[in-house]
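In what follows, structures are represented as structure tokens.
Two complexes follow with chain A in common, the first pairing it with chain B and the second with chain C.
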Partner chain A sequence: MLEARLEQASMLKKVVDAIKDLVQDCNFDCNDSGIALQAMDNSHVALVSMLLRSEAFQPFRCDRNIALGINLSSLTKVLRAAQSDDQLTIKAEDAPDVVNLVFESKNTDRISEYDIKLMDIDQEHLGIPETDYAATIAMPAPEFQRICRDLSALSESVSIECTKEGVKFACQGDIGSGSVQLRASSDVSNPDENVEIELSEPVSLTFSLKYLVNFCKASGLSTRVRLCLSSEVPLLVEYPMQENSYLRFYLAPKIGDEE
Partner chain B sequence: MARTRSKPAPKAAKAAKESTPEPATTTVKPLPPSDASPPKLFVLPKDTSKDSRIVTLDNPANGAPSRYYFCPEKGFYEFTRIAAPKKDCRSWLVTSEKSLDSEGKEPTTEQEGVTLGTGYVTKAADLFIATPVDLIFLILPVLAPKTTKETTPHFLELYDHLQNLASASRQWKVLLAQYPSLKVMIEKKMTLICDTVEAGGETMYRVSHEKLLVFLLKRAERVCKNGLPPSLEEKFVKNALEVPIMTIKRETSTAATSVVEETTVKEEEVAAPALATPPEIPRLLRIRTALTYLTSSYLSPSLRVSIQAQVQSSSPVDFTPLTTHLAAIVKLRSEAAALRSISDNISRKRVLEEDDEKIAEREEKKRKKEEEEKKKKTESRGIKQLKKADTSGMKKMSSFFTKVPKKT
Partner chain C sequence: MGIKHLYQLISENAPEAIKTGEIKNQFGRKVAIDASMSIYSFLIAVRSDGQQLMNESGETTSHLMGLFYRTLRMVDNGIKPLYVFDGAPPKLKSGELAKRFQRKTEAQAAAEEAKETGTAEDVEKFSRRTVRVTREHNEECRRLLKLMGIPYIVAPTEAEAQCALLARAGKVYAAASEDMDTLTFNTPILLRHLTFSEQRKEPIQEIHLDQALEGLEMQREQFIDLCILLGCDYLDPIKGIGPSTALKLIREHKDLEGVVEHMKSNTKYTIPDDWPFADARLLFLEPDVHAADHPDCDFKWEAPDEEGLVKYLVEEKHFSEDRVRSGAAKLKKNMKTAQQSRLEGFFKPVEKTAEQKATLKRKAEEKTAEKKKKQKQDAKDKKASKTKAKGGA
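Right after this comes the complex of A and B.
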């Protein structure tokens, strides 16, 4: 059986909010190392991969590998019933029909309990190898969100060009063009605002802004975001969480119709 | 009528149709390839003149070029193709039996190099029968041009009419030039359907719709004299006059309240006389059926319309009793259908229940559809928006990452 308790229900809430607009149903794979999730969007050009390590839960118990097939909009509905600082306990049998969510308020003695019916979801699972990316950019998550949002007003796609000088997000649309250039910077007093660029070779790739904007819904999860690029492979957008947990998005680059 | 093989003697002048000998010997020779244009089987009128020939003239009903058999003495014949239904595989075995045609087939066979002596098998079991067709129908399109509706045509001399005919088709020109007897035939026919005016010693002709209708009605009556063909009789006369059975109505009247009972009784009173078909009705219907057949197969569409109008306005045969009777039957039928629909509903359900498999299938489909709809409804706004995203040039994830078999 599975029993996992999160100190803050809001964390799961944010994760689900970030991916529910990308996938409808997905399997939460639970094993003794934690809860993992991998799913693709309807067009199969983007992939979301989440790992909540067992360390993020206190306590965490999972005797057997369980796949919890959950409709994300159902899960959203239930999570909406939780207050952000509620404690959340996830429980399931070994061969479950339902997953049980218990919200406990810290201050009052309020306990609410919900069961969500599970689904059989037949999803293919992709093996994602560790990759050495040509360029890795770490920046404040709100900054990335702002860039995507601003540029998406002009165009469907953005080119991300990473050179020694810095990283340049540029787009061209019907009404005109726009670009945002960031240079590596470090602020000792406020390291969250740093822009760090690791570059082994310059890269330039084009991506769909609609998808990137969608990924940015995870900005609430983390102060920082990491973009990893190499030519000809999907962009990795990673939102790190505590205890080495993460939420990662992969997006296939646009090839062939350069702007 | 003489039965002929590929074609009888007088048709020597006709367009030649090749037929190759097909020896039916018992040797195990491979079968010779089938002909591209195999001989066709015709039944032609007997005692036709030597100058008889097949001509291509415009079909009076639809204007499409069609074949007619023309004999300068007897007039025109049209060909009717009689064929077995497609799935009924039949063919003709044609052999030369000396007894069958002894008149003059020798030249034919010699000319075309055909020796039918051992027999010939045609794949298509079509039989073309030449049946007489009135010359009037063939000349009508020229006599009554399409513009008749608006302007009344002028009186014209016979010569002018013939000229029109000749200019309308090359074949007519040749026929008219070659056979003076044809002109006499045409003139005789034209007096039947045309108004005439004497002017300067010449007779002028103009098509009269009244006369044409009288002529058509006479024809129709002649068709009916020997009875319509069984298939026509069945479809257009027997079925049309069938009065629906109103037993169900009586049942409902017993169960109905007194007020309804009164009305149903009245209806039954109406129905009772309708049940008896007046004796003149079938004859009228037969004539009208024959007339419709004649107009639809031998008259051009524009002429058909005006003739039909003529029938309604000033027909020498009064069809009004027929129309009222048919209308009454239609009304009765719709009433009966309305009554029946209730019981039909029940029986239909029962039929379906028997077919469990179909029901299951349908339910499965319905369920799937509903599920899909439900899924669509629960789709979040973001997912709907993403569907609009332009994914051109983007490869699928599976082309970057390899699939792994499921662990659990």
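Right after this comes the complex of A and C.
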């Protein structure tokens, strides 16, 4: 039996909104350490990996490992019925046919309850190796969103170049070219605005902007975003959430021809 | 021709081996295409009013039209095609058996001709059946590919076998053909419907040999024997053997030697006098192909020769110049842009646990059982309603 209560239903809403354009159906894997999700987009270019640790729920109970196969557009429909500061309780039996969602208003006594039918999803699970990234950039999430949005007006792809001077996002398109350069900065009074760069060696990689713009839909989840790059491996875009939970996106780079 | 009912067998016994998806999901992959098979299908399918496309001087252009636009479609979706042409047919195909086969088809054609006095529909059906890919067709297609900057190679014998080898050696991601015998030739992955037209909206089928073998619970040698028993291009089929019988026989008797032994002692089946299954098996096991490190197998995608294309297609074959030029522009663009890579290149799938596999298998079996039950029920209902109607009348 699974029973997990989130203080803010809006958190799950934001997660689902951020990933529903990449993934249509996916398994929510529940075990005693929390609820996890891993799924690739149809063309196998991007991967979503989410972990909501049991500490993020109050209370959290999961007796057996279960996989809840959910259609994300159905989940979106139900989550739309929740007010943003409603409490959300997720419940499921040990061998469930449905998952039960209960929204409780904090101010009034209104309780609403929904069941979503589950589906069998045969998903490939990818092993993601531990990587020591050559460059890690932490910056305000809205800033990253703005860069991606601005550059996507010009081109389909962006090159991210990280050197000890800073990080440069550059693109070239039919109408011209553009670039945004950021330097490491720290403001003690407003640490959310800091740009932090950890670099062991300079890297430069090219990625599809369409996917990055899509990832940026998660900006509402977190004030900060972390980009991790190494040459010839997928980019990691991480939105940290409370209690060490996270929403991560991996994106395969664009590679010039081998010749 | 391929292998009879192999697709049906795989879809019933190893549904997880078949994946379907849109053509755009194949981007960034190199694919070896069975050219002769595709050209044949273009000659049949690319028509208007049941007639092959022709230029003003009456030369057929269906094959060039098909090749040009279907290749563009692939390139547009980020696929890098490589065409493989048939060489000489293998001895077993050209030998006594093939001759007999030929005589049969000729006889069939003659019979058809006699019927030609029938309706227009018959005539069209008949004209489709007599379609042959001539040497000129092949040469024209090669000339077009060269101008498009798309590589091609000529296999020593069967194109499917060469495609399979290239895929097995990792030179390309998959072999593309409609022929199921490409799997028998040991391609790890077979793509079907890749050269179909956009309008047909057929999803691309991706068939994985490993998973098919796992689902059928057999080794490759047994799989080859199964394919021969089902009916391949090299041997005459045995009467009375359908997919389920073939699978049962191979499972019971392990290999063709055993099956033949069994059939000799059983009057139900008659094996043709000349049935050299060992030769056919050898053709599948060791087909005559260029090794992957053969100089012919070194191929490159190049920029198209736009002026050459215009000269050939527009001036000689009377294609529309605008469309040829925009096609050339597409080819150029796809040569230039950086290719999107795929995650599988970096992250490997985690092997499923035995427990998960077992559940999957059980679920698949339940599904097929249900389907069969439904079919049976449907048939019954139909029958019932028929008799009822009769009774009423």
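Rule of thumb we're sticking to: the second predicted complex is superposed on the first by the 256 of 259 C-alpha atoms of A that agree within 3 Å, B and C clash if a C-alpha of one lies under 4 Å from a C-alpha of the other, contacts with A are read in each partner's own complex, and residues count from 1 in each chain.
What we mean here is this: a residue touches a chain if its C-beta (ideal position, glycine included) is under 8 Å from a C-beta of that chain, and two chains touch if they have at least 3 such contacts.
Only a predicted model underlies this, so the values are computations on that prediction, with no experimental measurement involved.
A.B. asks: State whether chain B and chain C clash or fit side by side on chain A once the two structures are superposed.
C.D. replies: With chain A aligned, chain B runs into chain C, so clash.
A.B. asks: If you stack the two complexes on chain A, which partner ends up touching A:Lys254: first (chain B), second (chain C), both, or neither?
C.D. replies: Touch status of A:Lys254: both partners.
A.B. asks: State whether A:Val233 touches chain B only (first), chain C only (second), both chains, or neither.
C.D. replies: After superposing on A, A:Val233 lies in contact with both chain B and chain C.
A.B. asks: In the superposed arrangement, which partner chain does A:Leu88 touch: chain B (first), chain C (second), both, or neither?
C.D. replies: In the superposition, A:Leu88 touches no partner, neither chain B nor chain C.
A.B. asks: Touching A:Asp120 in the superposition: chain B (first), chain C (second), both, neither?
C.D. replies: second
A.B. asks: Regarding the shared-chain residue A:Leu6, is it in contact with chain B (first), chain C (second), both, or neither?
C.D. replies: In the superposed model, A:Leu6 contacts neither chain B nor chain C.
A.B. asks: Does chain B (first) or chain C (second) touch A:His44, or do both, or does neither?
C.D. replies: So A:His44 meets both chain B and chain C here.
A.B. asks: Quick one: name whichever of chain B and chain C touches more residues of chain A.
C.D. replies: Higher number of touched chain A residues: B.
A.B. asks: Applying the touch criterion given at the start, work out whether A:Lys20 contacts chain B, chain C, both or neither, answering first, second, both or neither.
C.D. replies: Only chain B; A:Lys20 stays clear of chain C.
A.B. asks: Which partner chains sit in contact with A:Asn214 here, chain B, chain C, both or neither? Use first/second/both/neither.
C.D. replies: The answer is first: A:Asn214 touches chain B but not chain C.
A.B. asks: With chain A superposed, which of the segments 40-48, 202-210, 328-336 or 346-354 in chain C collides sterically with chain B?
C.D. replies: 346-354
A.B. asks: After overlaying the two complexes on chain A, where does the chain B footprint on chain A coincide with the chain C footprint?
C.D. replies: Shared contact residues on chain A (touching chain B in one complex, chain C in the other): 40, 42-47, 124-129, 157, 206, 208, 233-234, 250, 252-257.
A.B. asks: Over in the complex, which chain C residues touch chain A? Could you list them?
C.D. replies: Checking each residue of chain C against chain A gives 16, 21-22, 24-25, 27, 300, 338-350, 360, 363.
A.B. asks: Under the definition above, what is the set of chain A residues touching chain B in their complex?
C.D. replies: 20-24, 29, 40-47, 65-67, 71-74, 76, 124-129, 156-157, 206, 208, 210-211, 214, 217, 233-234, 250-257
A.B. asks: Tell me, which parts of chain A touch chain C in their complex?
C.D. replies: Chain A reaches chain C through residues 40, 42-47, 120, 122, 124-129, 157, 206, 208, 233-234, 250, 252-257, 259.
A.B. asks: Flag every residue of chain B that touches chain A in the complex, lowest number first.
C.D. replies: Going by the criterion above, the answer is residues 375, 378-383, 385-398, 400-408.
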